[in-house]
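Next come two complexes, and both contain subunit A; in the first it sits with subunit B, in the second with subunit C.
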Partner chain A sequence: MKRAVALEFRKMRRLRVVPIVLVLIVAVAALSSASLFSGSTRETFDDPTAAPWAALLLTYTFMAAMTSPILAAVLASRQTDIENTGSGWTLASTAGYTPGKLCRAKLAALAVILLPAVALQTLLVIGAGLLASITVPLNVAPWIGYTVGLLLVDIAFCALHIWLAAKVENQLISVGIGMLGAFIGVFALLMPDWLTRLIPWGYFAMISQVSTSGRDVVYATPAYGWIAGFLIIVGIAFTLATRRLDRIER
Partner chain B sequence: MFTAELTKLKRSSLWIIALILPVLAITTGTINYQNNTGALDGGWASFTSQVVLFYGLLFFSIGIGLLAATVWRVEHRGTNWNLLLTTTRHPLLLVAAKVAAITLPIIFMQLTLVIGTFLSGTFLLNLDGPFPWQFAVIGLLTIIASLPLVAAQSLLSMLLKSFAAPVAICLIGSVIGVASVTSTALQPVGYVLPQAIITRTMNLGSTAISGSGGLTLGDALPIILTAVGLTAVITVLTVGAIRAIKLR
Partner chain C sequence: MSAVITTSNLTKTFKGHTAVDSLDLNVPQGVVYGFLGPNGSGKSTTMKMILGLTQPTSGDITVFGEPLTRASRSALLPSIGSMIEAPPGYGHLTGAENMRIVQHMLDLSDAQITQALSTVRLTEHRDKLVRNYSLGMKQRLGIAMALARDPALLVLDEPTNGLDPAGIEEIRELLVQLAQRGITVMVSSHLLDEIDKMADVLGILSSGKMLFQGTRDALFQHSVPDLIITTPDANAALRHGVTGVPIPEGIRISGVDKDQAAGIVHTLAIAGVPIYEVRRVQQRLEDVFMDLTGRGGLL
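Take a look at the complex of A and B:
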């Protein structure tokens, strides 16, 4: 497995995965913190009751829900489509890497990329907040909680899209579903809770550590049980699906 | 040549974008309007703004990126590219045919959006007053405003063999586009960036984004002229690229 993951990184070099991820996380972080520099927001920076950090986290949650599903779909599709185009599945099989194993290696490799990427994205948003001189002390716990949640949900969606990209050669299906999912992901922040739980992309909203009550933004505890359940289901489904990929004829 | 392009699109699952995306926009807009009748009481104006809010900000542009990538996908398979280069027709015709093939589902999308919004607003939400004709005009204007992005994504999808790479570039452009519409510092970018041109057109006269301009000749004409000009420039670039760049 280690060798298979190392191979995935070799394949990544010419795919420009790292530049794409870097540009996108910087853009998303910039967009999340753009409102910091407007006049009306600046007045709230030294007012603890206005909760400027929570408001920033909410904007960040919103932007991440809008872009992350597409990013996950694009990364997974790029990493998987190379096998479709160059009869890579067959080649890897002759070297002892079955399609299922290849998919799991791809997921592991993408997870390794996403870990620093998501962390950097959060740090950039916090950095922008400090740069804009928010004087209210920062409550670190919700930010860490959200970052970990976002990373895990991102990885879960990478798993889904790797499977889709491997199963359906037409990449429009995988990336198209990612885009429609992003639409649902943004909207999930406005949906009632019971509905959000039932929709996979709703988990980009479920991991939110802040919510709005009336006109105020307040910290809220996400339903960890549901999130854990979602991740476990995705894990089991991915394991079973990739095992099945080993047994189909191409 | 255009007919050939349409044949290539058979069974390409384009409907996933062309049909579901506008339907999703209308559905979310309708639910959002219904849940927030207290805050949104502007009738048709609020409802149409809700429908195009996310659709116009990001997803319509990404949809175009996906459509363009799908239209060019066939040329990157097997030896199709070499076959394509043996055509005796002028490359400009090929580029124009590709742009037309991408625009056709966009027209379908916009028609679905306008008609669907009318149906949902009239029969589901029972909104008072007549359907705003401005919304239909903007829907059609957006088709023209989307041409620069169509041409640009067509160029990218031609140059890049991978399906997802041009879509990723489109996403980056869209994020910058959102920033250029919402912030004043980046506003100049909004006049030339294809994604931002779309967002600005869709939000002409919208109540959701402040300072988006009204649906007047003075606001719409510069956008249209820029769009047509940009499309011409990118089309010429694409023809040049076909001739100058060896893709294999």
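Take a look at the complex of A and C:
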């Protein structure tokens, strides 16, 4: 498996994976911190009751829910479509690497890219808050919790899009579903909890560590049980689906 | 000559359609085995089954004397180079980078990669992006990928597809050279002319069934060429019970073997019909093939 993952990094050359990721995380950080520079927001920076860090985390959650499904779709599609266009499935199969193994290696490789990317994205947003002079002490735990949750949900969606890109050669389908997911992801933050839990993209909202209470933004504990259940289901589904890919005769 | 590939009653059915029907294949060692058949005759499916990419519906395959199973496949694959359907190659990478991917997939040495690129004469183009390669260069890269592992068996599905005559000749020469080095080459084509010039042994497939398997000479023996009797008096010959077709130079008789030919000549000579010449029609492989396939194949 280690060798298969290393091969995926070799294939990434010239796919512009790192620039795409960088552009998106910088865009998310910029959009998340845009509100920091409005006059009314600046007045809350030294008011602990106004919870300026929680407000910033809420904006970040919105922006990440809007962009992460697209990021996952684009990365997975680019990394998988090269096998469709380059007869890579057959080449790998004749070397003992089954399509399912290839998909699992792609997921592992993308997870390795996403780990520092999501961490950097969070750090950029926090950095923007510090630069804007939020003087209220930062409560680190919700930020760490959200970052870990976002990484795991991003990986789950990469799994979905890798499988989709392998099954359906037309990549417009995979990327189109990613864009649709971006809309659903944002609106999921406004949906009732019971509905959010039932929609896969709703989990970009489910991992939120903040919520609104009237006009206030407050820290909240996500439904970890549901999130864990979602991740386990995706993990099992991806394992089964990629094993099934091994039996598909191309 | 020992067989590198044998199949017994190999059958593949897709949703009620039989793509390969009870195929008994025998590919001897160290030859170029030409696998001929019209498009859709089951060549690619057979090759995929031999490589373990497709599971047979029934029947057995042995490669290098070993039964091909899911368990034995991984041990056999390092000795089999292949190119099935489209030539492989990641377009966004250079030829050399593609070869390095194969190198790391199979744990090959630098020397093996260099040698494979040199064999297909792609060394000077190795730093070009594959998407900028011509079709011929892509085919050669695909063959280099298949050759890099120093295979004992090379399975190539229509490697000259889409190539110009010079490219076809180049691939043909390469495959003959590889066979001379002891590599068994199984090569498919729907173009008879391509195979005719390089194959030692032919397998002819039509609608999933093997119509003929053997050497070129055996194939010619399989089909008896027409007999031409040159005579100025064709009508006299026909009156004496000879079943043939009048042609400007005399008569043309189909389906007669050596003894029957001798009998006809004897009858005509006794009857006093002047015979200037008796000869067989010069047969082309294409004619033999057409006879075999009932002219159903587009070749």
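Things to note:
The working rule: the second predicted complex is superposed on the first by the 250 of 250 C-alpha atoms of A that agree within 3 Å, B and C clash if a C-alpha of one lies under 4 Å from a C-alpha of the other, contacts with A are read in each partner's own complex, and residues count from 1 in each chain.
Convention: a contact is a pair of C-beta atoms (placed from the backbone, for glycine too) under 8 Å apart; a residue touches a chain by one contact, two chains touch by 3 or more.
Only a predicted model underlies this, so the values are computations on that prediction, with no experimental measurement involved.
Legend: residue contacts after superposition of the two complexes on their common chain; A:K11 is shown touching subunit C, with no touch to subunit B. The larger set of touched subunit A residues comes from B, when the choice is between subunit B and subunit C. When the two structures are aligned on the shared chain, A:A64 is found in touch with neither subunit B nor subunit C. Of the two partner chains, neither subunit B nor subunit C is touched by A:A241.
In the superposition on chain A, A:G86 contacts subunit C only, with no contact to subunit B. Once the two complexes are overlaid on the shared chain, A:A30 sits against subunit B while remaining clear of subunit C. In the superposed pair of complexes, A:T94 makes contact with subunit C only, with no contact to subunit B. In the superposition on chain A, A:A156 contacts neither subunit B nor subunit C. Comparing which residues of subunit A touch subunit B with which touch subunit C, the overlap comprises 15, 85. On the subunit B side of its complex with subunit A, the touching residues are 12-14, 16-17, 20-21, 24-25, 28, 31-32, 35, 54-55, 58-59, 62-63, 66, 69-70, 73, 161-165, 167-168, 171-172, 175-176, 178-179, 182-183.
Of all residues in subunit C, only 48, 51, 53-55, 73-74, 77, 80, 82, 84-93, 97, 100-102, 104-106, 130, 145 touch subunit A in the complex they form.
Partner subunit B is touched in their complex by these residues of subunit A: 15-16, 20, 23-24, 27-28, 30-31, 34-35, 37-38, 66-67, 70-71, 73-74, 77-78, 81, 85, 170-173, 175-177, 179-180, 182-184, 186-187, 190-191. Residues of subunit A touching subunit C in their complex: 3, 6-7, 10-11, 13-15, 82, 85-88, 90-97, 249-250.
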